[in-house]
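Next up: the structures, one after another.
In the two complexes below, subunit A is the common chain; its partner is subunit B in one and subunit C in the other.
Then we have the complex of A and B:
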């Protein structure tokens, strides 16, 4: 047993405070989702209460919420699949080929990540209206793709670069064509990076609100974050249902985020801090 | 470029890179560039879909009128200034708190608690922004919000947070600090773990005080991270929409009317698409300029 100095006590208290503050809003959301309306509206708020699953029963019986969760799942999965399908070949080309304009192309891919979504919201809305894509899941998938392709390309380029080029050379001597080299060597060997980038793409498109808000007005096509915010009207808000919906939205992405927590900074900074 | 041999005999055809790149390029061109061109055209028209004379006139071209209106619109400038004020408020808080947390996570001992804290820090980062806004509305509720209960414990009167201009601003700052301080601290932590172990150990033998260690040994390794934080967060603040929209819709009055929230309202509530497009193009120019700058600063090592 080491000597317990005052520094160690301060350190422990500080870390405890970090854990408590970081988790508190999440805890408060989950706790509120388990409260009855009377407990929710108690002033001052109650910390000890008899938990109820009634709010969850309500939202699982509410077809709006369930349809919205399914829509989010569909949009996020399709976006992720497309981003990986389109992004990994591009990442391979950037990692292994030399060609003119490579640096410019790379800058352009990455700069898409820095563009504020609001800048494209109005143009995309106008265009979608013109070509009749308003109120479709497809338009959400396509627009989410523009913001998630750069992440997939960045993370996978990094990953593919770390694969020894000798493997590729010997496969080429064996007569493997370019597509097979990518498909049978780079994708399997780069799988950790591909998986991490896929999880990021899923988290970001799952969390997306702005475009779902402006491009979708049909109730049957709304995504989960939009439906959760739509509860916010009227005088007496159904806080229990709101927080239960919030929990249902946040829980899966939190689990995903914990899986990739080691790569969290890399994903959020696009590798700006190596 | 560093291997001239591969340039002469690369082992792949001249057009091979094209096949691999084409899908991504086409997708980004179609979804990114095409709408932008469309917006540029719209920004030169009188295009309010609720204004009858615009409809009848076939949305006539009006030259730079929309741009003049956007640039002489006080509310637009105010929302940009407010965005700057928000940035200048959250950054010092996030840097100081982030540094303190990073130092605690880096300090030896208490391995389990440090691991637990690292995991806990991921939770705010992953929380859906819209849900952060919902939680914020519950926490800062006037009657049954837990924020007022905390104030009560210190003998401070309850406050109508979201109903008062400064309260609403503090509320959105609080939620942003909660959500993004972990990001800052994880970046600083990455910098701290770059300090060579021998150097740090030697310095710890030299002095028992923390300040010289931090100032002369650890800080130099954290500076690149600090620049990254300042730059990436400025891009984030320009983007910030979901949380604020859900929590306050820019109100009360224009107390939390950040530029994204304002531009969204002009386009989608007022339906002045011409003016909205002009504002969007102006913001696009701003963000493209900033992003070119960021990328030049950060990704210099790539070819």
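Then we have the complex of A and C:
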């Protein structure tokens, strides 16, 4: 039998504690979404209860929730696709070419993230109203893109820099043009970075609440996080529905992240070891 | 006109001059080797021929066409990088096919060319592997295969064997020589391994700090180095140098004095017309493998420090008066003990003489 030292036990306990603390809210959300109103309001809280799907039936019957989830899916997917489509060529240029203003451009991308989104909420609202983009999905995609593009560019630039220049030069010598070098060399080799940045972009866009709240008033265009907050109006708090909606909102991101997490870990640690 | 021609080619990085007015030419089918110490600009020069590095001044022409402003892909050259630079995400087959695909070669032709290259390099069984599943030597073969399928006018190699172990290196060296014979292609090869240079080259270009120090066949460089630098660079073990003085001149040539010489001075016939006034400081060069023990007319009187038995030969480290430190490479295992005083004479080759500036006399 392998010897298990006290150090390992303490280590395992510590890890377990972290996992429990991290997962408990999630568990509570899922569990609550399966409870009936009486179980929900019981004090002290009940641990054993008869699960019910009534809350889910309720929210799916409520077409707002479904529409909102679809809206979110649409906005987040478009944002992610556009951010990757625009961000990766930009990252390639920043990683491998020298041009005037490169340092300034780089700083500008990063400094985009310095500003707290709320500071820009009013200007963006006025701007969107001016150009007639209020109450469109496009305005959400554009604003999410503004915040996501720097992340994609930042991560991908770093990733592309770690690709040995010899490989690109070899391809150039063999007759590959700029597009082919990007498409056949940089994108496949930088895939971990691209995947990581895509996840970040998707999660950010999926969870974005502030601008969705400010720029969208039409019920048909609201996104999932906004609809989740809608339940909190009125006198009664329908906890079961809120929790069920929360679960429905968190689920796609979790699945998406789990699927690509293999790339993600590899991407984040790449370059740390050589 | 020669096949490859470099005409006063220079490269500056900012204020730094890395290649300084290099001119040379190579005939079709010739194997040219660039040697020189680290940082002397060998790779830079090679990359300028490839077009991967912009040329600051001068011109490069390949097969009668000036290619100075031509894109790398349109120069019709192949390069094997020191790092191999294989595409890690592609199979060996895709690696080799990449250039052909870029050139829009028909599919069936790509297949036959890959098959030919794979046969020549004996990598037929590896075609479906990824580069990371290959050994160093196999990767090297793939890199060479990628170079040969494109039928380039010119092959460029940048230290292709430096990542391999000694045995594989020897083996690949022989294979590259064979490949050159079979393809009859013009090749430019960078190395700082002088055995590779001596064995592979039709002509060697010795570079030093961005300038051409000497160009010649391996034999020429070995027999008549134009400077101390070349003399010390070509040949292994390194040529012995003694700081001596010109003591006179007569019908037998120059008289050169050094306390380690038997009789205090020796006669050397200069090979050039450079002035060598009496009293000037010169350097005497003696190749370790040209010195023998004993002899009727000894050249040097030395004290043995220690001996290295190399099996078939012995390398003797000896010192003499006047700060002389001399290495002798002698056949067999002569019975010498440290501290023993012995006489050494010139068995073969000649005595090299260099003036104060390092140029051959």
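Quick notes
In the analysis below, the second predicted complex is superposed on the first by the 238 of 274 C-alpha atoms of A that agree within 3 Å, B and C clash if a C-alpha of one lies under 4 Å from a C-alpha of the other, contacts with A are read in each partner's own complex, and residues count from 1 in each chain.
Definition applied: a residue touches a chain if its C-beta (ideal position, glycine included) is under 8 Å from a C-beta of that chain, and two chains touch if they have at least 3 such contacts.
Bear in mind the structure is a predicted one, so any value in this text is a computation, not a measurement.
Within the superposed three-chain model, A:206 lies in touch with subunit B and out of touch with subunit C [touch as defined at top].
When the two structures are aligned on the shared chain, A:149 is found in touch with subunit B, with no touch to subunit C. When subunit A is checked against subunit B and against subunit C, the one touching more of its residues turns out to be B.
Looking at the shared chain after the overlay, A:185 reaches subunit C, while subunit B stays out of its contact range.
In the overlay built on the shared chain, the residue A:22 is in contact with subunit B alone; subunit C does not reach it.
Of the two partner chains, subunit B is the only one that A:229 touches; subunit C does not reach it. In the superposed model, A:169 makes contact with both subunit B and subunit C. Overlap of the subunit B and subunit C interfaces on subunit A: residues 169, 172.
Those residues of subunit B that touch subunit A in the shared complex are 1, 6-7, 10-13, 16-17, 19-21, 23-25, 27-28, 31-32, 34-36, 38-39, 42, 100-101, 104-105, 107, 109-110, 113-114, 116-135, 137-139, 143-146, 148-149, 152, 175, 178, 182-183, 186-187, 190-191, 224-225, 228, 231-232, 235, 238-239, 241-242, 245-246, 259-260, 263-264, 267-268, 273, 276-277, 280, 283-284, 287-288, 290-292, 294-295, 298-299, 302-303. Residue ranges on subunit A touching subunit B, taken from their complex, read 2, 8, 11-12, 14-16, 18-19, 21-23, 25-26, 28-29, 32, 40-45, 85-87, 89-90, 92-94, 97-99, 102-103, 105-112, 114-127, 130, 142-143, 145-146, 149, 153, 169, 172, 178, 182, 203, 206-207, 209-210, 213-214, 225-226, 228-229, 232, 239, 242-243, 246, 249-250, 253-254, 256-258, 261, 264-265, 268-269, 271-273.
Here subunit A touches subunit C in the complex through residues 164, 166-167, 169-177, 180, 184-185, 188-189, going by the rule given at the top. Subunit C contributes residues 50-52, 72-73, 77-79, 81, 83, 85-89, 98-99, 102-103, 146, 150 to its touches with subunit A in the complex.
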